[in-house]
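Naming follows writing order (A, B and C), and every chain is counted from residue 1.
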Amino acid sequence: MRAEAAGFEGPFDLLLHLILSDKVDLYEVSLFEIVDAYLAEVRKMADCDLDVATEFLLIAATLIELKVRRLLPEDVDIDLDEEFALWEERDLLLARLLESKTFKDAAAAIGRMSETAARVRPRIAGLDEQFLGLAPDLLENSTPNDLHRAFMKAMQPKPVTNVGLQHVTAVKASVTEAIHEMLDRLPDSGPRTFRQLTQHVANDTLEVVVRFLAVLELFKQGVVELDQSDRFGDLTVEWVGSEDDRQAALTGVDVYEG
Amino acid sequence: MDLTDEQQLAHLSRGIEALVMVSADPIPDAELAQALGTDEVTIRTICVALSDSYEDQDRGFQLAYIAGGWRFQSHPDLSEVITGHVLEGQNQKLTPAAMETLAIIAYKQPISRAQIGAIRGVNVDGVLRTLSQRGYVSEIGRDEGPGQAVLFGTTQLFCEKLGIPSAKDLPPLGDFVPPAHVVEALEQTLRADPADYVASE
Amino acid sequence: MDLTDEQQLAHLSRGIEALVMVSADPIPDAELAQALGTDEVTIRTICVALSDSYEDQDRGFQLAYIAGGWRFQSHPDLSEVITGHVLEGQNQKLTPAAMETLAIIAYKQPISRAQIGAIRGVNVDGVLRTLSQRGYVSEIGRDEGPGQAVLFGTTQLFCEKLGIPSAKDLPPLGDFVPPAHVVEALEQTLRADPADYVASE
């Protein structure tokens, strides 16, 4: 991974480095330089892992938004919701940076502790041989296959089990997208059944579930009404919000899921 | 057997010395207490007294409570004598990424892969593999939630490598929260309000 | 260094205590003398003095000259305590770390301590000692390279315990290719020509 080769293992690492780099006086750092330097780094990562690049791009997008906001003259009318959303993202970014810095310093302390601890060696000799006869046979009930298994385990990186996590993360992202999709369709369509709303993804259970969660989220926000006349009958979804609600619902979706 | 208190104390002291001497790993209070037919508080008191006596006598070894148990170890003063002699273990240094991930796990355990990734901002699969291969972290459970995510925590070896009794004995995380001027610098740099910005220049 | 005789004596005493404490095997006079930059006679004199001081202080351990070297061991008085403790630890089994080390030796023999350490990523002195004390592994030769490292292999007892005629009868590894770090570890430390190595099997 190129990002790692450059010494930045994550987007927060890089941003922290740019802001706190001791080459510049802390109070002289300008957002503009940071954004430019950040983008330059992201550009260098052209052929890096897609996941990594995405994370870096997310931060870059927020930075650009912040930069744009600063460039705008004060009296320009800006949607208050958008403004709030930007502040929220900025605070989130700030929190992540502080967290990152905290653990960076904790890691340094742990490193120093291990250096100190390395100055001593433990006693490892174990039992005097006169007592060894007493101890039970340690290989009792072991089979050649146990040895084989132990060897394979010693040779191979521990199999990294990854139960469910990927799809949990995926659901998170897709709910956001599903809400966007609903907001595109619902306000102008009149009452629709949930079945109609999910027709195009009907063969993918996960996608249907995601849309169901999106509808629930909008219901929670009070911008849709749900109606189900029979048990197990069709669920009707109706938009009852205003155009402003539509904007709010859009920006209210938290990209980072911090 | 009728023993005076003093004799009893001497017997326990000697027993502890002998047991710790032949144990290949740190030996917990409870195990010493059981082997010597006494309670853990007594064991702990005697161990501390023994440890002090070695220090007072300027011995080249220590009795230390590390990774959940008592062990004999060389005195830190003598690291040069020891390192010159004992074969170094193949302990390559961890990368900064691995160190930071280790710190996150140490302070936030039990913690899932996804949670670590969220704090680091990147996928941590490779680093986690290194750390568990080294034996510093391991799976210590499963999340009860729908995904039943694997939860990671630090190991005894981790405590041994740091010379601490348990992960609870790490310095509090609060000690590392950035000082006000750093927070302010970060805050200022990311300030979005043009009015503030113009004013501050 | 300008030290008084007394300081010098204290330094040597502490050095001996530290070295003997952390060594897995008895350390000969000559080795201690070399590590501490003095002569064997001085070492022997100090060791005897140390040994006497432990006896005078009624410690639960001794410094004893056994099998050509000095080592710490539990005091014979306390063998009952140790015996009781050992017997209590009934369902003892090899730790996973020891099992993996044994497996590496079984499949990759002859193999040096350094090679095993490089594959396991940790110092394996303690585990190796346990395994050879139990008679599961032993020295089966010396590396031809400059270091003449001791090479380990499994024993007849090991095969008996597992119920196989020889270590060659362990389940085959098939077309398993060891990961790069293992190959590197095996090549790096073993100086002998791989051709010889295969031929000698």
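Here is the rule we use: a contact is a pair of C-beta atoms (placed from the backbone, for glycine too) under 8 Å apart; a residue touches a chain by one contact, two chains touch by 3 or more.
Computed from a predicted structure; not experimentally measured.
Geometrically, the chain at the heart of the complex, using CA-atom means, is B.
Farthest chain from chain A (centres taken as the mean of C-alpha atoms): C.
In terms of their C-alpha centroids, the spacing between chain A and chain C amounts to 47 Å. Computed centre separation for the pair chain A/chain B is 29 angstrom, with centres defined by C-alpha atoms. Mean C-alpha position of chain B lies 26 Å from that of chain C. Contact of a single residue of chain A with at least two other chains is seen at positions 121-128, 131, 157. Shared interface positions of chain B, i.e. residues touching 2 or more other chains, are given as 21-22, 24, 61, 72-75, 82, 86, 91, 133.
Residue ranges on chain A touching chain C, taken from their complex, read 121-132, 134-140, 142-148, 150-157. Listing the residues of chain B that touch chain A in their complex gives 21-24, 26, 61-62, 64, 66, 71-76, 79, 82, 86, 91, 94-97, 99-100, 102-104, 106-107, 112-114, 118-123, 125, 128-129, 132-133, 139, 142, 146-150, 160-164, 170-171, 173, 175-178, 181-183, 185-195, 197-198.
Against chain B, the residues of chain C that register as touching in their complex are 10, 13-19, 21-23, 35-36, 58-61, 72-75, 77-78, 81-82, 84-85, 88, 97, 113-114, 117-118, 121-123, 125-126, 130.
Against chain B, in their complex, chain A makes its touches with residues 3-4, 7, 9-13, 19-20, 26-27, 29-31, 34, 49, 51-52, 55, 59, 66, 69-74, 86-87, 90, 93-94, 96-111, 113-114, 116-128, 131, 157-158, 160-165, 167-169, 257-258. On the chain C side of its complex with chain A, the touching residues are 18, 21-25, 71-74, 79, 82-83, 86-87, 89-94, 96, 98-104, 106-107, 119-120, 125-126, 129-130, 133-134, 136, 158, 161-164, 169-171, 173, 176, 178-179, 182.
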